[in-house]
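Everything on this sheet refers to the single structure shown next.
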Amino acid sequence: MIKLGIIGGTGYTGVELMRLLALHPVARVEVITSRSEAGKPVAELFPNLRGLVDLVFVEPAIDTYRDCDLVFFATPNTTAMSQAEALLAAGIKVIDLAADFRIKDIPTWEQWYGATHACPALVEDAVYGLPEMNRAAIGKARLVANPGCYPTSVILALLPLLANDLIDPASIIADCKSGSSGAGRKASLGTAFGEVTESVKAYAVDGHRHLPEIREVLRSLNADADLVFTPHLMPMVRGIHATVYATASGPADRVQTVYEDYYRDEPFVDVMPAGSHPETRSVRGANVCRIAVHYLPAANRYVVLSVEDNLVKGAAGQAIQNMNLMFGLDETTGLEAPGIMP
Amino acid sequence: MIKLGIIGGTGYTGVELMRLLALHPVARVEVITSRSEAGKPVAELFPNLRGLVDLVFVEPAIDTYRDCDLVFFATPNTTAMSQAEALLAAGIKVIDLAADFRIKDIPTWEQWYGATHACPALVEDAVYGLPEMNRAAIGKARLVANPGCYPTSVILALLPLLANDLIDPASIIADCKSGSSGAGRKASLGTAFGEVTESVKAYAVDGHRHLPEIREVLRSLNADADLVFTPHLMPMVRGIHATVYATASGPADRVQTVYEDYYRDEPFVDVMPAGSHPETRSVRGANVCRIAVHYLPAANRYVVLSVEDNLVKGAAGQAIQNMNLMFGLDETTGLEAPGIMP
Amino acid sequence: MIKLGIIGGTGYTGVELMRLLALHPVARVEVITSRSEAGKPVAELFPNLRGLVDLVFVEPAIDTYRDCDLVFFATPNTTAMSQAEALLAAGIKVIDLAADFRIKDIPTWEQWYGATHACPALVEDAVYGLPEMNRAAIGKARLVANPGCYPTSVILALLPLLANDLIDPASIIADCKSGSSGAGRKASLGTAFGEVTESVKAYAVDGHRHLPEIREVLRSLNADADLVFTPHLMPMVRGIHATVYATASGPADRVQTVYEDYYRDEPFVDVMPAGSHPETRSVRGANVCRIAVHYLPAANRYVVLSVEDNLVKGAAGQAIQNMNLMFGLDETTGLEAPGIMP
Amino acid sequence: MIKLGIIGGTGYTGVELMRLLALHPVARVEVITSRSEAGKPVAELFPNLRGLVDLVFVEPAIDTYRDCDLVFFATPNTTAMSQAEALLAAGIKVIDLAADFRIKDIPTWEQWYGATHACPALVEDAVYGLPEMNRAAIGKARLVANPGCYPTSVILALLPLLANDLIDPASIIADCKSGSSGAGRKASLGTAFGEVTESVKAYAVDGHRHLPEIREVLRSLNADADLVFTPHLMPMVRGIHATVYATASGPADRVQTVYEDYYRDEPFVDVMPAGSHPETRSVRGANVCRIAVHYLPAANRYVVLSVEDNLVKGAAGQAIQNMNLMFGLDETTGLEAPGIMP
């Protein structure tokens, strides 16, 4: 049995890790920490886990994780970077669900996150945890940077196009729509029900932290890649819909086959039939990214539609997928459940 | 032109007062205060008012209201009670949208609101601002206690039954469903979109502050009146649906006529045809309470369905209705707009 | 491997059966029928099942089910009653998720369902599939009437009170709030998004088909039981919240223990701590009924709060629970997954 | 008093016309028709109008409109084109809220709407009812083609850029998000609550009927204009958010001023301060299009955010604005009410 710790378990990614791991056959959460809720049973905060999870939140402390094989950071940004080194030194693998190790270029990271990085050397070691790009490296990694929710949906939408050199790499526009859970579980006016329901708005149009993350990954595939990225808040809790536009740079008639071939062996990327329009609800609760590619001849543009549950394939599910790889398990272990629809 | 002040204008009742008063033909908001937002244009906080409202939030201070004919308190509970006296002394009428003057029995108020009342003498003077009960008194009042949102819907549902002695007064159960705006405009985890959407829950089953308010009003009609009151939070922003049960104490065959007669001249209570099921959305944004009365012969019970927009007939609209009465205007002035549906 | 058939698989209970059974370790759906969608892959209609379900809808026909061990009817009312006999004769067990076999009293059934019952004799044989009442009988049954969604939540809320004779059995009021999926998956104006969102309404106040079902079951426990039952439509898709009122007929101080004792060994009924307010979202997707019991001394009334996912414990999940019992499996097989929250 | 008729008044644009006109000071609806609901009071179908609207639906017939000064078609596409001629011949002005007269190029219209146009000659006469483009012509028109909901939001977003020649006209991408009311008031599975809530999807990516409408209007400003248009369905009922991308063709530093100047005198277009992100809820129920323009230097692209209520500025409100112009009234008559927020 693989022994797991979760640091900062009171957020939506924390409860989602607990939900998904509750039935994992060979991994078990042994420790879950929270400064604010120490002493409280996890199932008191998250009653969906009543009867399945007996854990009590404890104060975070390095000794607490001694027996863990792997620790997930489900903390705010800048927490993991100051603790990861000690955990790794103790032989504990680490997956950070926040952003501390996602961007290789330290000045870029420091600019967007407004902080000095606490362990730049570790960043180099960290593997960007997108199995569809870095499966082998993840399998050997001791430190995985779990990708952001938006980046997962946008990068998976673009991989086949970039890998096959089918687009003008500087023409990309990613218009993304997210449920409110992307903002985390917290008291804030901006995510109050009365402010979010029955309304749509864009935010951070002039620059969102996921932009440099996406850009760096895309440039690892094509040095000229660049994009406009516009996040929008939707009146729903779970799900991201990325609508990605790019100008074709050659014949487009084989694009459906290109996508199907590219993702043929991927357990968690589902290329839909030509002409499809995936719905975010089809992946609710499931570790799947569902993609449909369209080509518009008049405009010579691709429109790629990509949906995921931001808390699953965009966060906790992908983290478990990475964990499975890091321990040599079948990648799909514990992640087979279909989405809930309706 | 009647000159108005709003104290504490950054909440949902504040913006709703501004929205409804924006087109009032003979009353105008001259001052709106907020400690936290002083200096900021109202329309920056509430962009729906852009182009219609030029006011800027100012610090609250008694001098600020000197020229006002009437001041609305859209503040949290316990604010109005410490300021009303000075305003009244300055010849300014007062409508409190919070609970400071709703309950005549001071010990009861102090028990439920956990505070010592700052001006018990004024409570006696205050008129409970339900025009369908106290129209004449409101017209002569200088201090009006605007009813709670739940009490408005429940009391209007019961008035014809109690006034006509048609029920066992101790048999009342009011099962109420409210949108999240009843909790106010604030950062709180409990009203976050992710916590409220796609879910229903009861709250305060063992005692809610609106219980003593309803009870006191009902007892002014029948000394034996008592009720069970259960509020529920709905995944919507506006609207209250009260489902009120009471055991019949005599023949029930004329009940539809009783309701129609009772409310025949009321501009803002709409008795629906026999057999109806009112929807909260039919009163969205409108100063109307829509009621349908059912009688179940087998159980010998009445089931009264009563819907209102908690921010309008349950708060800001009713406050303006009271203001109209206090200044001898036609009660419906500025309140004629129909609900928005869908 | 237990071989299953689903008749009428295009509704919400159909897809929910498929979702839950997709990972069942010892049962597999072999046949799924639909007149309207015959020839279409199931996963085309329900893309959440892509990659997990390869079945294609086929025309319903008795020969189709020859190899099945059990058939679920996920059809509209009055379908199962004309086909069950042939299936049973062929040695195939039957679970009807509709209402054909739920009510023992044939005239009552015929009055509420507006039809002549096609096989009254079978009704007597049928076992009402509420394991918490009829576990042993279900284990031996060949025909199970899966309970209605509202009845499940209301009966489970009341069982401990009735079984322990703690209430006036004629004083019951069940005020129930349901998501729109209870109305099924179909084109209808009344369940259109624009008609349901941001609104609450009661319906069928003067009589709903689940009333005689609940009444008959309650009377099997106490001949004097009767109730008022008021269903409401909520702006959400999944979940039922039953708020059940009853007058206490004796001391109430031990009621929390009574509930805990009554349901101590039940895998799918969760009695929450005293003072709790369960949320429907805590059971979303899970086969659980979560209950909290309150006692109001002033009114001498119990208020029982009971939540379930109407498509799971209120339909498909309970059907699988019954199936497990009918085949001697552990009752929880395939039903262990926690709810999805948020 | 201007006498109005509404043909086909049972849809969402019909009830919205009634709601907005209920308080119009100089225009009154005298006739409202419906084949399916003839004989039924309007307020029975739309209870928000109870007490304000006494009309009864009547069968449509030319004689019915004899006394009308203007008739609105709130009918499905292809209805107005066969009746407009007779109305105009009778001296009755016509505003078509459907698409029959929006596209000047008849073959294009016939291709996208799959029908032979019944009165091509009238199309030439019709004025495209976007006051911000065609105010003078609307004032003199007898037949106005009310713009589509998406086109209104997209064209208003682009007018200042195209009029000032600030963009590459072929680089436009309009990623649009709409509430479900855009699909009309009808029984359809695709717009059922259970299918729409908590989900986002694109639709008609390969071609939507509003594409040729937008394109034709844009080309009247710049012959080289072309666009990609992607509509998405949001889990909300009202509101459109258009996110419009275009490549800058020259210096962008004055763009905020360009927008403010362009719309300075427009009563119903609100240019927000630089850096803003408009929310659809800020225009709920109001006849306003709220716009924010952003420029991204790195990508040299404009991102224009444009929100409207699809039923108001995108349909019924704009129709009344056009009616006001056609009768020489102040354009804002009856349209001054602010949006409802929250």
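Chains: A, B, C and D, in written order; residue numbering restarts at 1 for each.
Keep this in mind: a residue touches a chain if its C-beta (ideal position, glycine included) is under 8 Å from a C-beta of that chain, and two chains touch if they have at least 3 such contacts.
Everything numeric in this text was worked out from a predicted model, so none of it was measured.
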Handout entry: Where chain B and chain D overlap in contact partners, by chain label
Key = A, C
Practice task
Return the chain whose centre of C-alpha atoms lies at maximal distance from the corresponding centre of chain C.
Solution key: D
Handout entry: Intercentroid distance (Cα basis), chain D paired with chain C, Å
Key = 45
Problem - Where chain A and chain D are represented by their mean Cα positions, the distance between them in whole Å - result: 39
Problem - Junction residues of chain A, two or more chains touched - result: 12, 181, 185, 194-195, 197-198, 235-238, 278-279, 281, 284, 342
Exercise for the section: Can you check the complex and tell me which residues of chain D touch chain A? Expected result: 173, 175, 177, 179, 194-195, 197-203, 205-206, 226-228, 230, 232, 234-239, 241, 243, 245, 275, 277-281, 284, 294, 296, 298-299, 301, 303, 305, 307, 342
Practice task
Spell out the part of chain B that touches chain D in their complex, as residue ranges.
Solution key: 12, 15, 19, 22-23, 46-52, 181, 185, 197-198, 237-238, 270, 272, 278-279, 281-286, 288, 290, 336-342
Exercise for the section: Sort out for me which residues of chain D touch chain C in the complex. Expected result: 12, 180-181, 185-189, 191-198, 235-237
